[in-house]
C-alpha cells in the first residue's frame, strides 16, 4: 500500500508517501524514527495488522512548515528521512 | 526629482511620494506625503482606487501628475495600476524600503491582510532570497481577523487581549475555515478570550516564522505590513523566531510603497 | 373586532448548509433470524452514521448531524436505527467505530480508519470492480485505490484545508443564502459556461465570489464557478494517486451533481451508480469489517 500523508492547500501540495510493502520488514531498523529532526515518524499497526511507519497526525497538517528546516528555500540536496530509509519507502511530493 | 510608489494590496492601496534632493552634490532621499485608501472587499475596483489614492496624495502634497518623474507599482494588484510605468515585486519593494528605514536590517518579515513572507536582503536593500505564501489565508492577517470576529473583538483588542495571557494552547486546525469552529468550541468550553487570542496569534506567528526560517534569520529583523499594529502578534512572532527585538517602523503599511518609489527614482538615473 | 394579536416572532435563522437526516431499514429482512448482527459507526466531523449489517448484508442505517459530543453522537446515531427495527444493543455482536471521532465510540469493539472502511464499503456498494474511490466528507477529502477485495492499495487524505471539502460548500451556500441541496441543480441553470473561481483558499474564494456578484454574475453563475473550482481541486488530488476505471464517489458531496458531473467531465470517466445512500460508505465498511471479525471469533469459538 502507498500511504500518502500530508495535504494540499492554496500554497501547494505537501505529501510524504510511504510504501508500506517496503516498510513492513524494515531493513534499516526503523532509522526514520531518529533521522527526522522533528521526529515525525512513528510505527503503528495499520488496519491490515501490519507494523509500518506513518507520519504523526498533527504533522500531517503542518508538513510545509515542519520540513522547512531540511528544505531551505535556496535549495536542498538530500533529506535525512529519505537518506535513512535505505529500502526506499519514503518519498516527498515537493 | 519626485517619484511615486503605489502598493496595491488585497485590501488597500498605499501611495508614497518621494523626493530626491541634491544636497552638496549627493542625492538625499526624503519621503513625503503618504496617502492610503482603504478598500473594503468588493467596494471598488482596484484601478479606480489606485487613481483616487494617487490623486489624493498629489493634492495633499500640492503636486500635479506632471511633476512626478515616474510612478512604479507593487503589490498583488500591481498590474491593475494602469498609469504606473513599471511594476516591481513585493519582495523587491519591501526589502528596499525596510533597509532604508533600518540600514542594518537583513531579515525582513512582511505580514499583511492576505499574505505573509520572509525575505533576506543585502546592505543595498536588494532581496536575495524569499519564502512566502499568498494563496492560503492561514499564514496572514486574515486568519487573525476571522478569529477576532468570532470573539467579537477588533483586531487591535484581539492583539491586546493576547498580551494578557501567558498560556500556550495549541490550535489543531491549520485552516482559517476550520479554525473558526475550533475557536467557537474553545469559547463554548469557557476558555478565557485572552488565551484564545494568544493561541490564534501564536499559530499565525509560527507559520510566518517557518517561512522566515526557510530563508534564514540573520542581522536585524524588521517587520513590515499591517500586522505590525498588532502588539500581540509582534510578541508571538518574537517568541517563535527566538529573537529579542524586532524593529517596527512607524508606518509599516507604507514600507513597500516607499521601497517602490525608491526603485522608481533609481531607475531614472 | 379581532382583539387577538400575534406576538412578534424572531425571524427564523435559516441553516442553508444543512443536509436532511435520514433513517432506512430493509423491511424484507428479519434480523432476529440472523446469525451475526454487526454495526458500524462513522462519527464524522459533520455527520454521523450508524449502519447495521446482518450476516454480511446491509440491513439498515441512520444518518444524522454530529453533535458537540462524539460519544453522544455515536450513541444517538445507533439508537435512531435500533428504535426503528426494535433492536437492542445486546442484540449486536460486534461494533466497529470509524471516522475522525472513532476513538470516541464508547461501545465499539474495535476502531478502524475511515480509509479502510470507505474502501470496504465502496466495494460492497459498487461491487468488486471499484478501484478508485473519492470521498468528500464534511471536513476532509480522501482519494483511495483498492483491489477487488476492497483492500486499500494507495490513498491520500486532505483534512488540513477546507477547500474541496463539504465545509467549503457550506460556506458558499451560506454566502449565497441558498439551501445546500439546491446548489448542484442551480449550478447548471446558467446561460453560458463560467470559469472556476481562481482562489483555492475558501477565505479568498469567498471574497472572489462576492466580487463576481458585484461584477454582475447571477448567483447561479457564481455557484457554477465555485462548483467548477471544487471539481478541479478534487481532480488534482485524485491525479496524485491516479484514476482507474471503476470510479466511485462517497460522502455528502456525492449528492451534489454540480460537483460530481464536473468531476466526471474533467476525468472523462463516469462515476459508478449505487442505490445506497453514498454517505454511509464508511459506516457500512466498518460494519462489514465487524462481520469478518465476528465470523472469525465465532469460528474460533466453535473450533475450541
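A, B and C are the chain letters, set down in written order, and residue numbers restart from 1 in every chain.
Convention: contacts are C-beta pairs under 8 Å (C-beta built on N, C-alpha and C of every residue); 3 or more make two chains touch, one makes a residue touch a chain.
Because the structure is predicted, anything quoted here is derived from the model rather than measured.
Peer 1: Connecting every touching chain pair, does the picture come out as line, ring, star, complete or other?
Peer 2: complete
Peer 1: Name whichever of A-C and A-B has more C-beta pairs touching across its two chains.
Peer 2: Top pair by contacting C-beta pairs is A-C.
Peer 1: Using Cα averages as centroids, what's the distance between chain B and chain C in whole Å?
Peer 2: Comparing mean C-alpha positions, chain C is 41 Å from chain B.
Peer 1: If you average the CA atoms of chain A and of chain B, how many Å lie between those two points?
Peer 2: 34
Peer 1: So what's the Cα centroid distance for chain A and chain C, whole Å?
Peer 2: Chain A and chain C have C-alpha centres separated by 28 Å.
Peer 1: Which chain B residues touch at least two other chains?
Peer 2: Only 135-137, 174-175 qualify.
Peer 1: Which chain C residues touch at least two other chains?
Peer 2: 160-161, 199-201, 204, in rising order.
Peer 1: Return the residues of chain A touching two or more other chains; collapse runs of consecutive numbers into ranges.
Peer 2: Within chain A, residues 7, 9-10, 61-62 contact more than one other chain.
Peer 1: In the complex of these two chains, what residues of chain A are touching chain C?
Peer 2: Within the complex, chain A touches chain C at residues 1-10, 13, 15, 17, 46-48, 60-62, 93.
Peer 1: Name, in rising order, each residue of chain A that touches chain B in their complex.
Peer 2: Listed in rising order, the residues of chain A that touch chain B are 7, 9-12, 58, 61-62, 64-66, 68-69, 71-74.
Peer 1: Applying the document's contact rule, which stretches of chain B touch chain C when the two form their complex?
Peer 2: 41-42, 114, 135-137, 142, 146, 174-178, 185, 188
Peer 1: Please name which positions on chain C make contact with chain B in the complex.
Peer 2: Touch residues, chain C against chain B: 68, 139, 160-162, 167-168, 171, 199-204, 207, 210-211, 213-214.
Peer 1: Using the touch rule from the top, collect the residues of chain B that touch chain A in their complex.
Peer 2: Checking each residue of chain B against chain A gives 129-131, 133-139, 172, 174-175, 206-207, 210-211, 213-216.
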